[in-house]
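Look at the two complexes coming up: chain A is in both, with chain B in one and chain C in the other.
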Partner chain A sequence: MKNSVNREIPDDLMKKYDYEGFKTTEIGNPEIQRVAPKVHVSTGDNKVVDSIKDVVKETVKDGMTISFHHHFRNGDFVFNEVMREVIDLGIKDLTLAPSSLTGVMNDMVIEAIKAGTITNITSSGMRGSLGDFVSHGGLKKPVIFRSHGNRARAIEHGDIKIDVAFLGVPNADKLGNANGMEGDAVFGSLGYALMDAQYADKVVLLTDNIKSYPNTPASIKQTQVDYVVKVDKVGDPDKIGSGATRFTKDPKELKIASTVNDVIVNSPYFKDGFSFQTGSGGAALAVTRYLRQAMIDNKIKASFALGGITKPTTDLLKEGLIDRIMDVQDFDKGAAESMHTNPKQQEIDASWYADPDNKGAMVDQLDVVILSALEIDTKFNVNVMSGSDGVIRGAIGGHQDAATGKLTIISAPLVRGRIATIVPDVTTVVTPGDSVDVLVTEYGIAINPKRQDLVKALSSLPGVPVYHIEDLQKMAEAKVGKPKPLEFTDRTVALIEYRDGSLIDAIREVKD
Partner chain B sequence: MKNSVNREIPDDLMKKYDYEGFKTTEIGNPEIQRVAPKVHVSTGDNKVVDSIKDVVKETVKDGMTISFHHHFRNGDFVFNEVMREVIDLGIKDLTLAPSSLTGVMNDMVIEAIKAGTITNITSSGMRGSLGDFVSHGGLKKPVIFRSHGNRARAIEHGDIKIDVAFLGVPNADKLGNANGMEGDAVFGSLGYALMDAQYADKVVLLTDNIKSYPNTPASIKQTQVDYVVKVDKVGDPDKIGSGATRFTKDPKELKIASTVNDVIVNSPYFKDGFSFQTGSGGAALAVTRYLRQAMIDNKIKASFALGGITKPTTDLLKEGLIDRIMDVQDFDKGAAESMHTNPKQQEIDASWYADPDNKGAMVDQLDVVILSALEIDTKFNVNVMSGSDGVIRGAIGGHQDAATGKLTIISAPLVRGRIATIVPDVTTVVTPGDSVDVLVTEYGIAINPKRQDLVKALSSLPGVPVYHIEDLQKMAEAKVGKPKPLEFTDRTVALIEYRDGSLIDAIREVKD
Partner chain C sequence: MDIKSTAIAGTLESSDIQITISKGSNGVEIELDSDVKKQFGDQIEKVITETLNQFGLTDAKIKAVDKGALDCVVKARTLAAAQRATDTVDQPAWEVL
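Moving on to the complex of A and B:
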C-alpha cells in the first residue's frame, strides 16, 4: 500500500509486523494502557560485581532484547565490552534496542550480526560501515528506526520490551544510585537511558566510579538497578562531546544561520516567553549567537530551551535570557557541567521530551525549532536517514518529534558538493512535510504553502528572498544536474516509523 | 487461622480478600510483575480549570478508587473540598485510598460513609472521631491499614488500583509540573504523592499558585497530570507542621531520649557512615540533640538520615554531620525549606523509601531507627494502631518499614497515666517483635533475647539498667493494675497488613 506521504510500504511486512501506514501528524487523544517491568526483589546491601561476563551469563538468554544508551557517543567503552562477552558466550537471536548506535559500535554490531548473536535491531540511526552493511542486506530482518520520542512511546506501550539494559554511567553507588554529572566520563543528562532504567526487567549499570552510599542526585535509582559492574573506564572523555563546539566560520553556514535568525525574529513566535530547540553543530551554534543578540536587542527572554544542549545555550541560561533548560541530552562538557550546578537546567527523560502518547511532552510546547536535512523535497518531506546513494547514514534523533514545533525551520545548503539537498522526492521520508514550515538555504527561504500566515510575515524581509520550494529545487538541479535514479532490490532492509508507531517509509537494499 | 504472631485472623475474610497470614519479616527474592496506568493522551497546552466540581464529574464514577496525600496534615483544604463535590454529586461505592487520613478529614469521611459515597477505605491510619466511628462498626467493610512502604508495594502490584488521584500542591504550572517546595502551603517532599502521580489513571492537581511554564524542579511531571485545578487556598500553612518543633522539657522524655542515645552510642552501629531515622515529636528532637553531641564528641559522621524529616535533622546536614538526607516527608517548614536549598537533601518516593518488593529500599540500609509505641508486649510486638480501649487511634506510618533497621529501638514510657504501655499482649500487632531490638523506658531498657550481641554490648552501661521485658511489664502492671479484658463483637472492622501484604492482625468492633 501507499501511505499518506505516497510511500510504498510492502504489504507483507505491514501484516507481519502489524503496522499501519502513516496517515497524519495529528496524535489525537487515544487511551493507552502502559506496560511495566518484572522486578526481581532484592534487599541486600551490595550489587557491585567485577565481571561483565558473569552478569551477562546470569541475565542474557537467547532471543532476548537488550539495550544500551548512546550518551557517551564515540567515547563509549560499554557497548563493545558487553557485546564482546555476549558474542563469546555464544548467545543467539538477540534484538538490539539501543537509544542509538554510534560509529564506535559499528564493527562489533557487524560481528554480532555475522555470528547470529544479533538478528533484530531497532535504533534511532546508524552510520558508516554498519549503515553500509545493512543497506547491502547484511541483516536478514529489517532494522526498525524510531525517533527518540517514538522509542519512549514504544517502550511505554510494550512494542519494545527490554529484558536487560546495560547502562554506562560516570558514577554509581553500591546499590545503583547514579547520575551523568560527576566523574571522568561525564555527559550530563541521562535522558534516553532513564527509559531503560524504568522499563527494563533487568538493569545493569557499568561504572568506573563507585561513590559512597547514598549517591545523589540520583537520576537512576537503586529501586531500578539489579547489578553495578565496576570497570576500568566506562568511556573516553575526549570523545564524548559531539561535533563542533566552536562557531562556524564558513560564510555559507553563517549566511544560513543569519537567515534562520531573521526568520525567527520576524515570525509571530519571537516574543517574551517563547521557546526553542536549536541542536548541535557549528551552524546551530551560530544561530544561537545571532538569536542571543536579537533577544538582547529586543528585550525578549525565552521560557525554555529544549533538546540536545550545548554550552552556548547554557550560557544563555546563566545570562538570564532563558528561564529554563529542559535537558534530555548534553552535547558538550560545558552543558553537562551546567546541569550539575544550575538548578534551572532540569533533566528530563525521553518520554517527557517527546513521547507523543503522553499527557503532554515538551516538544508539544515548542515554538521555534531548527532542524537539519540530508534531503528535503518539494512536499517539504525531510530525509535525515539515507544518503543520495540510498545508503543508510543518519539518525532520526528527535527530528520527527521536534518538528511538531509551531515554527519548524529546516536549515540546509542548496547543494552539498555535487549533490542536491532540495530534490523532487526525498530518498527516504523521515519527517513529513506537514510538520515543516520554512526551509532556509544560503540563497533564500521557502515557506510551506500551508502556512500563509508565515508567507505574510516573512515575505518582505530585506536580504531574505522567498522562493517557491520548486524553484529552489530547480536551482539546485541546475547546479548539479539530474542524478541517475537509484537502483534498489525488492528486499526491505529497514522500516522507518513515524513517531506514533505507524510506517512512514521503508528502505530497500541497495543494488550494486 | 492463627498467624505466626499468634493472632486469630477470620478465615472467611482471608478467603474473601485472598490473604495469607503473616509468617516472617523476611522478604526473600520474589519476582513481581509490576502494573502500569492507563494514559489518556493529551498534547494541548493548558490543563488549568477552575471548577473542582467539573473535574469530579468528568473523572469520578461509581465504584472507583480515589486517592489523596496527607502531606498538608491538619492544614489540608483539598480533601474536604473535593469530597464535598463527590458527595453532592451522589457518587456511590468509592474506595478511599489516601496515603493517610488526618483529623481535619474525619467529619467529611464519616459523612461520605453515611451517604454511601465511601464503602471501602485503605489508609495508613485514622484517629479521633473517625477511628471511633469505624471501631464501633460505622463502616460495613473492614478498613485495610497499610504502612507507607506497603501502600507503595500495593500500588505497584495493583492491589490498590487508583482511578483518580486528587493531589494538592503549593505550586504547579499550566501543564502540571509541580513540587512541594515553593508557595504559601509548602510541605517539602512530595514522597507519598509521587506514587499516586505515577500510578493513577487520572491525576488531578489542585493548587493556589500557578507558576510560569515550565515549572521546575518538577517532582510531579506534566507527563503524569490530567488536570490542574486552580483553587483559592490549598492549605493552611500554620497547620501543616506536625507536632512539636521544640525540644521537650519533660524530665521523663529527656531521660528516655538520653537513654536512647546511650543505646545507640554503645551499639556496634555507631560508627562513621552509620545511618538513622528518628522521627518527629519532642522526644525524637531531643534524641537528635543528644546524638549530635555524641557525633561531635566521637568524630563520627552519618551517611544518611531517613524518614520524616525535621529542622534539627536538616541542621545536622548543614553542619556536615550527615552526608545526605533521603526525604520522603518533612515535618516542619525548616525541613521543607532545607530541601529547597540543599541539594544533599534528596526527595524520594514511598517506594524508594520503603517498598519491600523492590530492588532495594532505603529502609533496608538503615542502621539505627527510633520508633514509638502505644503498646509493646513481652514478645516485643508493637501496637501503634489501637488504644488500650480497643479503639482505632493511630497510624502504621513507616513503623513496620523502618523496623527493618539493624538496631530498632522502641522508645516509650512504662505507663501513660493509668494505662500500661508494656503489656502481656498488645491489643493489635502492627510491627512484629522479630524486627524490634531494644525497648527504652524511663526506668531502663529491655533487649530482645534474639539479640545476644546487643545484650553483651549494652549490659553494663552506667545508669542504664537492663531488664527482661517481662519484668518491665510487671513493673508497669504494679503501677496501674491489671486492666479488665476488652470486649469485642465478632465483627472485623479493620485488617492490619504486614508490609509484605500478608495479614498480621484484625481489629474487631468494640462492644459498648
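Moving on to the complex of A and C:
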C-alpha cells in the first residue's frame, strides 16, 4: 500500500509484523498499557562478578533480545567485549536492540550476523561497513529503524522486550548504583540507557570503576541491576566525544547559520522564555553563537535547551542566558562536565525527552528546533538515513521527535559536491514534511506553504531571499545535473517507523 | 591530432576531477573512479568523450578520478590534459570550451 507520504510499503511485511502505514504526525490522546519487567528477587549481595563470559552464559539464551547503549559512541569497548563472548558461546537467533550502533561496533555486528548469532536488529541508525552490508542484503530480516523517542515508546509498549541489557558505565558500586559523570570514560547523561535499566528483565552493568557503597548521584539504581561486571576499561575517553568544540570557518556554513539565526529572531517564537534544540554539526554550533548575541541584544532568555548537548549550549547556561538544560545525551566533554557540576542541567531519559505516548514529553514543549538533512524534497520530507547512492548511512536519532517543535528549521546546503540536497523526492522519508516549517540554505530560505503565518513574518527580511522550495530544487539541479535514478531490487532490507510506530518508509536492497 | 605523451590535469580535491590521458587506438576508453558513479558516471564519461572529440581526438586512454566535479570542471580538466598530451598548450582551444 501507499501511505500518506506516498511511499510504497510492502504489504506482506506490514501483515507479518502487524504494521499500519503512516497517516499523520498527530498523536492524539489514546490510552495505552505499558509493560513491566520480570524481577529476579535478591537482597543485592554478590552482584559483582569479574567474568563477562559467566554472566553471558547465565543470562543469554537462543532467541532472546539483548540491548546496549551508544553513549560511548566510537570509544565503546563494552559492546565488542560482550558480543565476542556471545558469539563464542554459540548463542543463536538473537535480536539486537541497542539505542544506536556506532562505527566501532560494525565489524562485530557483521561477524555476529554471519555466525547466525544476530538475526534481527532494531536501532536508531547504522553507518559505514554495516550499513553497506545490510543494504546489500546481508541480513535476512529487515532492520527496524526507530527514533530515540519511538524506541522509548516501543520499550514501554512491549514492542521491544529486552531480555538482557548490557550497559557500560564509568562508575558503579557493588549493587549497581551508577552514573555517567565520574571516572575515566565519562559521557554525561545516561538518557538512552535509562530505558533499558528500567524495562529489561536482566540488567548487567559493566564498569572499570567500582565505587564505595552507596554511590551517588545514582542515575541507574540498585533496584534495577542484576549484575555488576568489573572490566579493565569500558571505553576510550578520547573517542567518546569531540574534545574542544571548534567553530566552523566554512563561509557556506556560517552563511547558513546566520540565516537560521535571522529566521529564529524574526519568528513569533523569539521571546523571553522560549526554548530550543540544536544539533552538533558545524552550522548548528555556529547558530548557538549567533543566537547568544541576539539574546543579549534583545534582552531575551531561554527557559530551556533540549536534546544532545554541546559545550556552547552549557556556556549559555553558565552565562544565565538559558535557565535549564534538559539533557538526554552529551556530545562533548565540556557538556558532560557541566552536567556533573551544574544542578540546572537535568539528566532526562529518552521517554521524558521524546516518547510520543506520554503524559507530556519535553519535545512537545519545544519552540525552536534546528535539524540537518541528507536530503529534503519539494514536499519538505527529510531523509537522514540513506545516502544518495541508496545505501544506509545515517540515524534517525531524535529527528522525527524534535521536528514536532513549533518552528522546525532544516539547515542544509543546496548541494554537497555533485549531490543535490534538495530533490524532487527523497530516497527515504524519515521525517514527514508536515512537521518541517522552514528550510535554510546558503542561497535563501523556503517556507512550508502550510505555515502562512511564517510566510508573513519572514518574507521581507533584508538579506534573506524567500524561494518556493521547487525553485531551490531546480537551482540545485541546474548546478549538478539530473542524476540517474537509483536501482533497487524488490527485497526490503529495512523498515522506517514513524515515532508513533507506524511505517513511514522502507529501504530496499541496492542493485550493484 | 596525435597524443605525444601521457599527461595529467586536475587534483584529488573535493569537487575536482583528475584526468590522465595517454595514447589509445580503440576510441576513447575511460576508466572512471567516482563516488557518484551510480548517479553521474554516464554523464561524466559523455562529457569527457565529447570534449575530446570536439578537440579532435578520437582515440585515447583516460583514467579519471572524480571527486564530485561539475560538468564545467570535467570539461576544463579534460581539455587541459588533452592539450598537454598533444603538446599544444601554447594554442589554447577556446572554441572547445
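Just a few scattered comments:
Heads up, the rule we're going with is that the second predicted complex is superposed on the first by the 507 of 512 C-alpha atoms of A that agree within 3 Å, B and C clash if a C-alpha of one lies under 4 Å from a C-alpha of the other, contacts with A are read in each partner's own complex, and residues count from 1 in each chain.
In the analysis below, a residue touches a chain if its C-beta (ideal position, glycine included) is under 8 Å from a C-beta of that chain, and two chains touch if they have at least 3 such contacts.
The shown structure was predicted, so the numbers you read here are calculated from the model rather than taken from an experiment.
Using the contact criterion defined above for the overlaid structures, shared-chain residue A:388 touches chain C, although it does not reach chain B. A simple residue count on chain A separates chain B from chain C, and the partner touching more is B.
By the touch criterion defined above, A:2 lies against neither chain B nor chain C after alignment on the C-alpha atoms of chain A.
In the superposition on chain A, contact of A:483 is made with chain C only, not with chain B.
Of the two partner chains placed by the overlay, only chain B lies in contact with A:224; chain C stays clear of it. When both complexes are overlaid on chain A, the residue A:36 reaches chain B alone and has no touch with chain C.
According to the touch criterion, chain A has no shared surface contacted by chain B in one complex and chain C in the other. Of all residues in chain A, only 388-390, 416-419, 479-481, 483-484, 486 touch chain C in the complex they form. Contacts from chain B toward chain A in the complex involve residues 27-45, 47, 156, 175-176, 203, 212-214, 216-218, 221-226, 273, 303-304, 323-324, 326, 343-344, 346, 351-352, 355-362, 364-365. Looking at the complex, you find that chain C touches chain A at residues 14-15, 35-36, 38-43, 67-71.
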